[in-house]
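Take a look at the structures listed below.
Here subunit A shows up in two complexes: once beside subunit B, once beside subunit C.
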Partner chain A sequence: MNLALLSLTLPLVGALLLILLRPAGGRWVIMINLASTLAAAGALHQVMQTGTQWLELGGWQAPLAIRFQLSPLAALLLLFTAGLHLLVALYAARSRHAIGGEDFWPLSCLLQAALAALWLSGDLFNLYVTLELLSLAAVALVALAGAKAYRPALNYLLLSLAGSLAYLFGVALLYGRYGVLDIALLSELAEADVTTRLALLLMSLGLMLKAALWPLHLWLPPAHAGAPAAVSALLSALVVKGPLYILWLLWSRIAPVELAQSAGGLFAVAGIFALLCGGWSALRAPYLKTLVAYSTVAQLGYALLALGLLLRWQEPSLSAALWLFVLAHGLAKVSMFLAAGELQYTLGSKRVRALKGASQTMPLALFAFAVAGGSLIGLPPSGGFLAKWLLLQPLFQQPQHWPWAIGVLLGTLASAAYVFRVVALGFDRARPTPASFHPDRLAQWLAMLPALLVWCLALISKPLLLWIGGVSQ
Partner chain B sequence: MTWTNWLPLAIVLSSLVPGLIIFSLREDQTRLRVALNLGGVVVKLALVVALIAGVDRGLQFRFELPFLPGAPLVLQADALSLLFVALSSVLWLATTVYAIGYLEGSPLRSRFFGYFSLCVSATVGLALAGNLVSFLLFYELLTLATFPLVVHRGTPESLRAGRVYLAYTVGGGTLLLMGVALLHGLAGSPDFQPGGYLHAQVQEHDLALRVGFVLLIVGLGVKAALIPLHGWLPRAMVAPAPVSALLHAVAVVKAGAFGIVRVVYDVYGASAAAELDLMQPLLWLAAATILYGSVRALQQQEIKKRLAYSTISQVSYITLGVALLGPIAAVGGLVHLVHQGLMKVTLFYCAGNFAETLGVHRIREMDGIGRRMPLTMTAFSIGALGMIGIPPMAGFVSKWYLGLGALEVGQDWVLLVLIGSALLNAGYFLPLLWRGWFAPPADWHENNWANERWETHWMLLLPAVFTALLALLVGLLAGTALSPLGWSQLIVNREFEI
Partner chain C sequence: MTEWLLDAVLALLLLALAGGALHARNRYAGVLLFIAFGLVLALIWARLGAPDLALAEAAIGAGLTGVLLLAALARQPAGSGAEGVSFARHRLAAAAVLVPLLMILLQGLDPLAEQRSPLPELATGALGQSGVSHPVTAVLLNYRAWDTLLELAVLLLALLGARQLGPARFEVERPWPLLRAWSRSLAPLLLLAGGYLLWSGSSAPGGAFQAGSLLAAGVVLLRLAGVLPALRWSFWPLRLLVLLGLLLFLAVAIACAWFGAGWLVYPDGWAKPLILVIEVAATLSIAASLSLLVVGEAREASA
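For the complex of A and B:
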């Protein structure tokens, strides 16, 4: 637990110090992230030995206490968050054009701290606080892109506040009905009465809005596409996963089984729509980063589908699929946004069309994009493939479940279509480049690094599943 | 872990590692690139020879890596995989030499040869894959590695062909994934074994097994170009000639056909496939593809297009032999895997030589080409006559066994298909031979390499002559134990436990 707290406090203290002292940020943040990653890895190692740990803040006992809980999954997500921040910071320190200003550094630290607190929180109000912090940091980061990003940032802020409010209402209703907010306690008490239903509905809507789950996703593409590249990477890979985590806690832990089963079907259908609509919009998007942003909408559909089927069939093995989608998508999306940022900066245009011949002019960045795309499509041996494989296993067990496989099939084809739209363009004939054309090789390699990692995920499937599975027992 | 564990992996890596290094080379580092290419080929061939010798002495070669839960990544050598590995390694040797000559002086060679090596690594991995999940992995990698080769020229036409290729193969790959996942749910992913491993499930899960079979065959049928999944193959003809050779003979189409053999024999097993009534539809499909491909080939006026449709027809002989489910027909199908590869690769080399040397693309431009390029035309004639099935050429051996096999299992109508196809083959190949040898020479605009010692660049000529000789030899020496025919009989004996 101490290591986990260290992994949380390091970026928090770092953010405050960076704001107060204003040193040149990059090097410090990389060091903070590295230390935080190591601490999270240590925490994961520890929690695998001891099992889930609890920390009562302020020394009060439950039900009064505010509890932090460190499960293997929370530790894994902690490691994931710190690791992705490290990867992004490495790239951002090299490519100053991708961060939108020195304020990026403290804000990204704050974002990391908010996320770490979110994974560790064990009660609904605490989760609300971390959610608010997360959204504020995220909105500020979007606004770093300058005047043209103010509008999407403002939309993001308003919708995010609306989402928080809905969530808070739900929390209040639950508190009025049961008198506790601790998730472990609520899971024993919850019944399927009107208050609980209303609370779950409000909270789910709020969270779906914040996580940009279909059909409440419309704010995401302008915000993620408008932000600086490094920010987009963090937003797509991590920020939308926070509310998703709470949604998962809410429905798999607190909601009574019969409610969860009926809601599961809705979630699953929404997931398939997300895959199709997001994929279609990505296919039509005129700008590269908009394409990648819509692909986030589509890929969240996989997570939503896994969540829905998990609830509908009460099949705990599907939560492994859900979290693998999250991990694989996070890594792939970081790589994709960084590669997109590098491509659009060096080629001097935001349009997809500008990528004509990129396989000759900027082969590394295009390759990074393609490799990350391979994981989104779910090609073996990437993490996306492993997740899809785990999703398909329970789905094929009974013939009446087979029609859901068509959703997965369509989702795969849609993602293949938009990924290969970009890749195929890259193999077009290149125009001769001007003498001033100097792509940054190191930055491109840094963009490729997460994509290479995600392609190895299936090879470490055994420990990964152990870490994730520690939770569902 | 001893060397017997690492050898299959080393065979895959022997082309993968040079490929990855080649990507990082500058365009002007020609010598290093050629050295890496040829070094990889030679090492691979040596390793394959060691593998064959080891298997002959009864050693077990198996490499295992943890992969999916319950489904490790397995590379292993059995008789069937050796057949395919040996074929693709030998043809890779010839095609590498050919490609070096073909692309001399053209741009983007590092990219080309990088993907070229990846493509062969995927093919060899697919041949050595020891279970369905490993097979799926390399099957998808093959799709990815081939796409850049198809669009290599970067013309609008080749990009369009590339898009069509991707649409077909990615769709097929997804269906294959579904099928593999379905079967994994039923019986796990054990190693391939002669006689299959699904026989115990036939009573209980007949529906799931049938659905799984359809998914697998459709997924594999895309690459094997069974109708109606063949549309990508003729379009992919816009790629450079070495790529066509690779697509048609060494890697892609063969991978599909090889997969069908694997699924029928080593996953379902002949007896389970028969009990589930799965083979009759596949047989009809294969027969229809054979006739359709031949008829369409007859209509084509471009040499490469005609060859492409001919591939669609010829590869289906393999499927036909498997679908007949008798031991004799199986020998015919398997041996055709090798025979078709050798003959078709020869034809494509020759077509490429005509195009590169004299700018000949269409059939009517071939008039009298035999006088200007006698060696190439001789090789072309050997390939074409073999395709028609004139004894004692290689194609005749395959068709003989297919015909006997059809009679053995009482499917006499297949004989009509075979005869019809042979007539159609003669119909679309013999005019080419007549024009090439006997018509008065046409007036060729280009005349590259006119001052060479040979009729064309020696690196273009040598592979064509080499594979033509091989095609001739495997037919003439079919009776010996080490020939593809003897080897196929060994595989079939194990499957049918004769």
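For the complex of A and C:
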């Protein structure tokens, strides 16, 4: 547990010192993150040996105080957060254009601390506070892009506040009904009455709005496309996963089974729609970063589908598919946004059309985009393939589940279509767009690093399944 | 009977002020009605037996938010926006969403009247070991201190976020002589009241947030009267003041985890002094953050 606390405290203290002393941020953040990643890895190793650990903050018993819960999944997500932040920081320290301003460094550290606090928390109200921290940090990061990003940032802020309020109302209802806020205690008490239904409905709506799950996703493309490249990578890979985690906790732990089963169908249908609509919008998007942002909407559909089917059939193995999707999508999306930022900066245009001939002018960045896209499509042996395989297995076993598999197939085709749209343009070598200046090779390699890692996920699939599977029992 | 009448009048007044603030013909009137709304809401909290909330609502909801709104209004270019335009269709749409929502909410709230939570008794039962005698302070700074620590980070993030919006200069016009004289005599009183609220927080309603916002009100007043120099983010002691509460809180948490029994577990007998130190630091930080939000100058004088 102490290692997990270290992984949480390092970025928090680091951010405060960065604000106070204002050194040149990049190097320090990389060092902080390296330490934080190592601490999270140590915590994961420990928790795999001892099993889930609890920490009662302040030494008070559970209903009175807040509990931290360090499950293997929480430890893995800690590692994932710190590791992704490290990858983004490595790129951002090299490419100054991708961060928007020196305030990027403390803000991104605070973002990481907020997420770490979120993964560890086992208390509904404390989760609300971490959600607030998370969205304020995200909004401030979007605003780093300057005046043109103010409107998307403001819309993001207002919608995210509305989501927070709905969630808070739900928490208040649950507290009024059961008198406790601790998730483990609530899961024993919860019944399927009117108040609980209403609370779950409000909390789910709020969280879906914050996680940009279809049909409440409309704020996401402008905000993610308008932010600086490194910020978009963090937002897409990490921030939307926080509310998703709470949604998963809520429905798989607290909600009574009969409610979860009926809501599961709705979630799954919304997931299919997200896949199709997000994919279609990505295919039609005129700007490169908007395309990548819509692909986030589509990919979150897989996670939503896995969550819905998990609840509908009460099939715990699907939660492994859900979290693998989150990990694989996070790594792939970081790479995609960083590559998109590098392409857009060097070629001097935001349009997808400007990528003509990028395979000649910037082969590395285009390759990074394609490799990350391969994982999003689900080509073996990438992390995306592993997740999709886990999702499809229970679908294939029974013939009455096959319609869901058709939905997944259509979603896969859509993601293949938008990835190949970009790649095909890149190989159109007649009259390529010239680079504005000499492309930065190291930055492109750094953008490719996460995509290479996601293809390595298959190599460690066995321990990975063990870490994630530890939760579902 | 009279109590019932008072409650009914307060409730109706609150609704009327809310409607007025939303539908006012011009923005200035809307802001003023919103401030009045905050004050009535504070009264209602007091009637409901939640004096802590009443103090916070009056200081933050009515006072500082009002100043922020007025400051935003002053920065609007004259004659911009849609003064006096009514959005009939928007209102209808809002009503179509909100009325059914309200019906559903009432249905869900209704069964809660009989529920009793075990937590208040637990909280009062453990007061003896918490180091303070006021249950709200015990919850905020002992039982659920982690929430409060994160709330301080929320305030810091709000400040950092507002900073990203670029150099919005805060113009102090030549202060009115009466304002100058008033602020000189009012500021010490606000300081005194803030100190009292902070100290009384351990045994009665009050505490860091309320005291901090009172102090911030004093700072804003002095700044508006031109008595204080510009508050700049690039001045490092000011940044230290903003971060002080969070840094100290974290230092206590880490020290408790490293040398003591665990994360935020105050050692025996140390709870009261530690809580007091944290509260003082948090008050200063809250006051500094709120005043920077209202009258801070984002422009960097010297990097």
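Couple of notes before you dig in:
Definition applied: the second predicted complex is superposed on the first by the 466 of 473 C-alpha atoms of A that agree within 3 Å, B and C clash if a C-alpha of one lies under 4 Å from a C-alpha of the other, contacts with A are read in each partner's own complex, and residues count from 1 in each chain.
Definition applied: a residue touches a chain if its C-beta (ideal position, glycine included) is under 8 Å from a C-beta of that chain, and two chains touch if they have at least 3 such contacts.
Because the structure is a prediction, the values reported are computed rather than measured.
Because the two structures share subunit A, they can be overlaid on it, and in that overlay subunit B and subunit C fit beside each other without clashing.
Contacts of A:Trp389 after superposition: subunit B is touched, whereas subunit C is not reached. By the touch criterion defined above, A:Trp280 lies against neither subunit B nor subunit C after alignment on the C-alpha atoms of chain A. When the two complexes are overlaid, the chain among subunit B and subunit C that reaches more residues of subunit A is C. By the touch criterion stated above, A:Trp445 is placed in contact with neither subunit B nor subunit C. Contact with subunit C, but none with subunit B, is seen for A:Leu144 once the two complexes are overlaid on the shared chain.
Of the two partner chains placed by superposition, A:Trp54 touches none, neither subunit B nor subunit C. In the superposed model, A:Pro399 lies in contact with subunit B only, and not with subunit C.
Shared-chain residue A:Pro381: touches subunit B; no touch with subunit C. Measuring from the middle, so to speak, at the Cα centre of subunit A, the directions to subunit B and subunit C differ by 170 degrees in steps of 10. By the document's definition of touching, of the two partners only subunit B reaches A:Phe427; subunit C does not. The superposed three-chain arrangement places the nearest Cα atoms of subunit B and subunit C 39 Å from each other. On subunit A, the surface touched by subunit B in one complex and the surface touched by subunit C in the other have no residue in common. On the subunit A side of its complex with subunit C, the touching residues are 2, 5, 9, 12-13, 16, 19-20, 55-60, 63-66, 68, 101, 103, 106-107, 110, 113-114, 117, 125-126, 129-130, 132-133, 136-137, 139-140, 143-144, 146-147, 150, 169, 173, 175-180, 193-195, 197-199.
Taken in their complex, subunit B has these residues touching subunit A: 65-69, 73, 108, 111, 133, 136-137, 140-141, 144, 147-148, 151-152, 154-155, 159, 162-163, 166, 170-171, 173-175, 177-178, 181-182, 184-185, 207-208, 211.
Put simply, subunit C touches subunit A in their complex at residues 104-105, 107-109, 111-112, 115-119, 122-123, 126, 142-147, 150-151, 153-154, 156-158, 160-161, 163-166, 236, 239-240, 243, 246-247, 250, 253-254, 257, 261-266. On the subunit A side of its complex with subunit B, the touching residues are 357, 359-360, 363, 374, 377-381, 386, 388-390, 392-393, 396-397, 399, 402, 405, 408-409, 412-413, 416, 420, 423-424, 427-429, 458-459, 461-462, 465.
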